[in-house]
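Labels for the chains are A, B, C and D, by order of writing; each one numbers its residues from 1.
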Amino acid sequence: MATGSQPPPERLRERFRIKNILYRNALAEFVGTGLLILIGLGLHMVHVLSKEKINTHFQAQVGWGFAVAFPVYVTYHISGGQLNPSLSAALFTLGKINMKEFVVYVIAQIAGGFVGTVGVYFLYLDQLKHFQPNERSVSGLVKHADCFIPFPSAHVSNITCFFDALVGTALLVFFIIAILDKRNRVPTGIHPLLFGFVVTMTAMAYGMNAGVPINPAKDIGPRILVGMLYGNQVFSYHSYYWLVTLFGSLLGGISGAWFYLFTLGMHVPELPIVERELTEESKKLLPREA
Amino acid sequence: MATGSQPPPERLRERFRIKNILYRNALAEFVGTGLLILIGLGLHMVHVLSKEKINTHFQAQVGWGFAVAFPVYVTYHISGGQLNPSLSAALFTLGKINMKEFVVYVIAQIAGGFVGTVGVYFLYLDQLKHFQPNERSVSGLVKHADCFIPFPSAHVSNITCFFDALVGTALLVFFIIAILDKRNRVPTGIHPLLFGFVVTMTAMAYGMNAGVPINPAKDIGPRILVGMLYGNQVFSYHSYYWLVTLFGSLLGGISGAWFYLFTLGMHVPELPIVERELTEESKKLLPREA
Amino acid sequence: MATGSQPPPERLRERFRIKNILYRNALAEFVGTGLLILIGLGLHMVHVLSKEKINTHFQAQVGWGFAVAFPVYVTYHISGGQLNPSLSAALFTLGKINMKEFVVYVIAQIAGGFVGTVGVYFLYLDQLKHFQPNERSVSGLVKHADCFIPFPSAHVSNITCFFDALVGTALLVFFIIAILDKRNRVPTGIHPLLFGFVVTMTAMAYGMNAGVPINPAKDIGPRILVGMLYGNQVFSYHSYYWLVTLFGSLLGGISGAWFYLFTLGMHVPELPIVERELTEESKKLLPREA
Amino acid sequence: MATGSQPPPERLRERFRIKNILYRNALAEFVGTGLLILIGLGLHMVHVLSKEKINTHFQAQVGWGFAVAFPVYVTYHISGGQLNPSLSAALFTLGKINMKEFVVYVIAQIAGGFVGTVGVYFLYLDQLKHFQPNERSVSGLVKHADCFIPFPSAHVSNITCFFDALVGTALLVFFIIAILDKRNRVPTGIHPLLFGFVVTMTAMAYGMNAGVPINPAKDIGPRILVGMLYGNQVFSYHSYYWLVTLFGSLLGGISGAWFYLFTLGMHVPELPIVERELTEESKKLLPREA
């Protein structure tokens, strides 16, 4: 592999490598978000279909953490492993990506989320047919929709849903931006794992009101398929709470990033010169400089 | 980002960076402890409000670990990420911070804890209104207070509460001081994660008597709000056990640090010269040298 | 240890070290897979024998993760710690191992799996005699077989079993190949731990249909012993689903590896020259160059 | 701290540092094993006293992992953090410690285990008085003893107990010796954490027969106190199974270490010269060279 003729994968790489960085990153965002949903929605479905017997709430929280961590590991040095429109929105306001990149990435993320949902749907079709929702089903009117998307309880107002999405996403993006800040010296090799743990933590702390609406790609993709399968009630349910959480999440992502910058990021001591050069590689997160 | 025009965050940094190190560190302790409570109390509330269905004891223990780990990650290179008056007290007796710093940090920590509590209160207000405490509620007389603070069982004496707080905090601070000791060569990049695991471990081993009273900021902030909401019984309950655990915790923090020094810290072999220089950066923990 | 007389293990090493790399690697695959089964099947048995009381589904999922991680840690620098015929098949199609190595490793893996199963059987013989399968037993007709191998539910078709095995193994191998790709810069020292977490994640997301058939060595070894103990129904059950998942898993492993290469692997930016040399040691994964 | 007058801890260190390496290491083994029991037995007690409500089996398994990991972190560079007579026995047969060291360390470990048990006893005395053992108590005849030590079920023979202890300890020591082997290139900074995960894994796979008898110090210390409190039945119960597991564990530790050496350790490829020198520091594990 090091000397002489190259192995097949290296030869293919020379021929098929995508040179356009925007397209390459969009592909990474599409594949990464698709995997995130294929894994995360898969384990959520086991959670609901087994009536919390095989996958409890704890497993769902830890599982979503892994479902974020590993897709980020494999896209981190390509597109930065954003995989979340709210994070991309924050990076756009920070000047890390431009408007064109933002729009393309978000489309790729939502498309990936939809394709991942279709995959999960077919893998659990036998189980869905067999499943009888019981009294725990929150949205009784929308048959089987609980298997795809979480719904808020009736006694939770949309104002609470909005702030729940805002604070949850703000926490997520606050910690991601802080961990990416090279002055905080968090080893790059464990960034994706820590991002996953942050997701788990946020789901533990703010998972009760509206089902952790901290990633719009995780919501829109499945919701479109559910709408196609079970009708538009999935959009109008609970006074269009899904739009409320969507805006809450986008605003939360932007708020979290800037709250970090003003309260902590601007005040972290500068790195010693020697370290600053060593961590120049952390700029690889920024897609345009890849 | 490295050459040419700087991105917005870097330009803002040059203008708004706080030069006074004491104020800067106090801000970090305030924000860090606020986040710690916003996360930790949030998941504790899900634990109680869902009657241990969504968040079990295990999740609460693991969640508190993350609730400590991530706020420490983002404040570690500013104020050292103390976020706990008992740890600050130990660092003061070790000569790592002076009296002025100690007082300012503790005030910042308690203020952060209170603001975090207010945030949690509003995010779970809909759920609190809907909540019916059941027979498991320890402190039946204090309505809904269990959602904010844990209470000891009736059959646990205040002497046990005192030693529970002392031993729990001693364990926590013992391991934190040991991990910070550069002679033990624990990689800096995983310190905050290990601190979080120590919290989880302590909660597992000593969470039954008095609800893990190992961080006074986690107790005082919420208790003030609960007192304002539900009356002063929250202070007088169980013969003022909260003051007992408060003193136990502060004494435990100091004891744990010095117990480490006398039994192990003084006897760890010196680092080889080359390594000693490489780990000079670990001094960054000490706020005054930042 | 470094100077003067060598300790006993070092002297033995000089005398007994196996020089033939193929034999050495086959021994590592045999021992590693044996340990994987000794641990993983042991905890699965506790799961079933205690009727999910001592080991819940969550513990089984986390435990299988460790059961993969640690055997990989100890064989990683010998044979690459493949321990899974589907992964070996993928490495073969990638040109990392040749046909002879592939055949020898798979035989070693299955033999290790069988010997590990025998060990578990004897350690839990007292408990197996005492065990009364209850109504939860899926395959009622095959006495005690649930203790050794998972069975699909009656309402799950073999087509679903095939795609369940294919997608589950594809996810596993996709992430393993991606983590091994030196351009993704995942620190070598945590590779085995991450492989274990990928197993846990896959079990969470796709553990409901057919019991996570992502490693044929984990299936064939135990199935042979169960066939010897309880009769051939264990093979014919559910229209020979085990053959269906076997082919699904092998095809999934190959698909996962190549899907990674085409969607992400070919497009990851090249390493800077200095890093490329530092990570040359990652080639140690490739057995033939050891 | 680096320049000018030294902080108090550094000045104390110069005066009180123990120069005799054997005594120093014995103190570390005593303190480390004491902490291991203070934490591990504490969480086991919560497991039993809360009737598996606060600490489930899973928490006990994970908790024991941490209870090993952190005491090893703080003693690793002093005595190697052995904290287990079966591991010390293995290190003795490998020529890493001599007979005198072995005897002194084991005495220190058992003494630490006893002192830790006394601490746990007093911290949970209120709870022990309040506790009513229910029908789940295995050893009905020995009042409250289940809070301190696990007992095998009646239907498990002593032969099974012997092999359970042997295989469990062999797994533990096999992986510890393998991780310590510098040729396997496991980063030193995560060794203690991995040792803890190995304990969790072993408890998951072999925790059903005899309660994970893989560390005699964890058994003898508590058993002595229980004998003093509740009578000698704790020794004679189940035909003196505790002696059976004691010998099984010691033999298992030695077997695990040598099994590793013969099957894998002797065959791991040598490190490149440059790396070999960098990892010379891993020799610090060996107490006599500290």
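The rule is simple: contacts are C-beta pairs under 8 Å (C-beta built on N, C-alpha and C of every residue); 3 or more make two chains touch, one makes a residue touch a chain.
Everything quoted here is computed from the prediction, not taken from an experiment.
Each step here moves to a touching chain, and the least such steps from chain B to chain D number 1. Listed by label, the chains that touch chain A and also chain C number zero.
Taking each chain's centre as the mean of its C-alpha atoms, the one that lies farthest from the centre of chain B is C.
Between chain C and chain D the CA-based rotation angle works out to 90°, given as a multiple of 5. For the self-contact between chain A and chain B, the two sides draw on mostly distinct residue numbers; the shared fraction is below half. Centroids built from CA atoms put chain B at 28 Å from chain A. Measuring from the averaged C-alpha position of chain A to that of chain D gives a distance of 40 Å.
The multi-chain contact residues of chain A, meaning those touching 2 or more other chains, are 56, 58, 187, 190.
Screening every pair of chains for touch gives A-B, A-C, B-D, C-D. The part of chain B that touches chain A in the complex is made up of residues 1-2, 7-9, 12-13, 16-18, 24, 27-28, 31, 35, 38-40, 42-43, 46, 49-50, 53-56, 58-59, 62-63, 66-67, 69-70, 73-78, 119, 122-127, 129-130, 187-190, 193, 281, 284, 290. Considering their complex, residues 56-58, 61, 94-96, 153, 155-157, 160, 163-164, 167, 171, 174-175, 178-179, 183-187, 190, 194, 197-198, 200-202, 204-209, 260-269, 272, 275, 280, 283, 286, 289 of chain C touch chain A.
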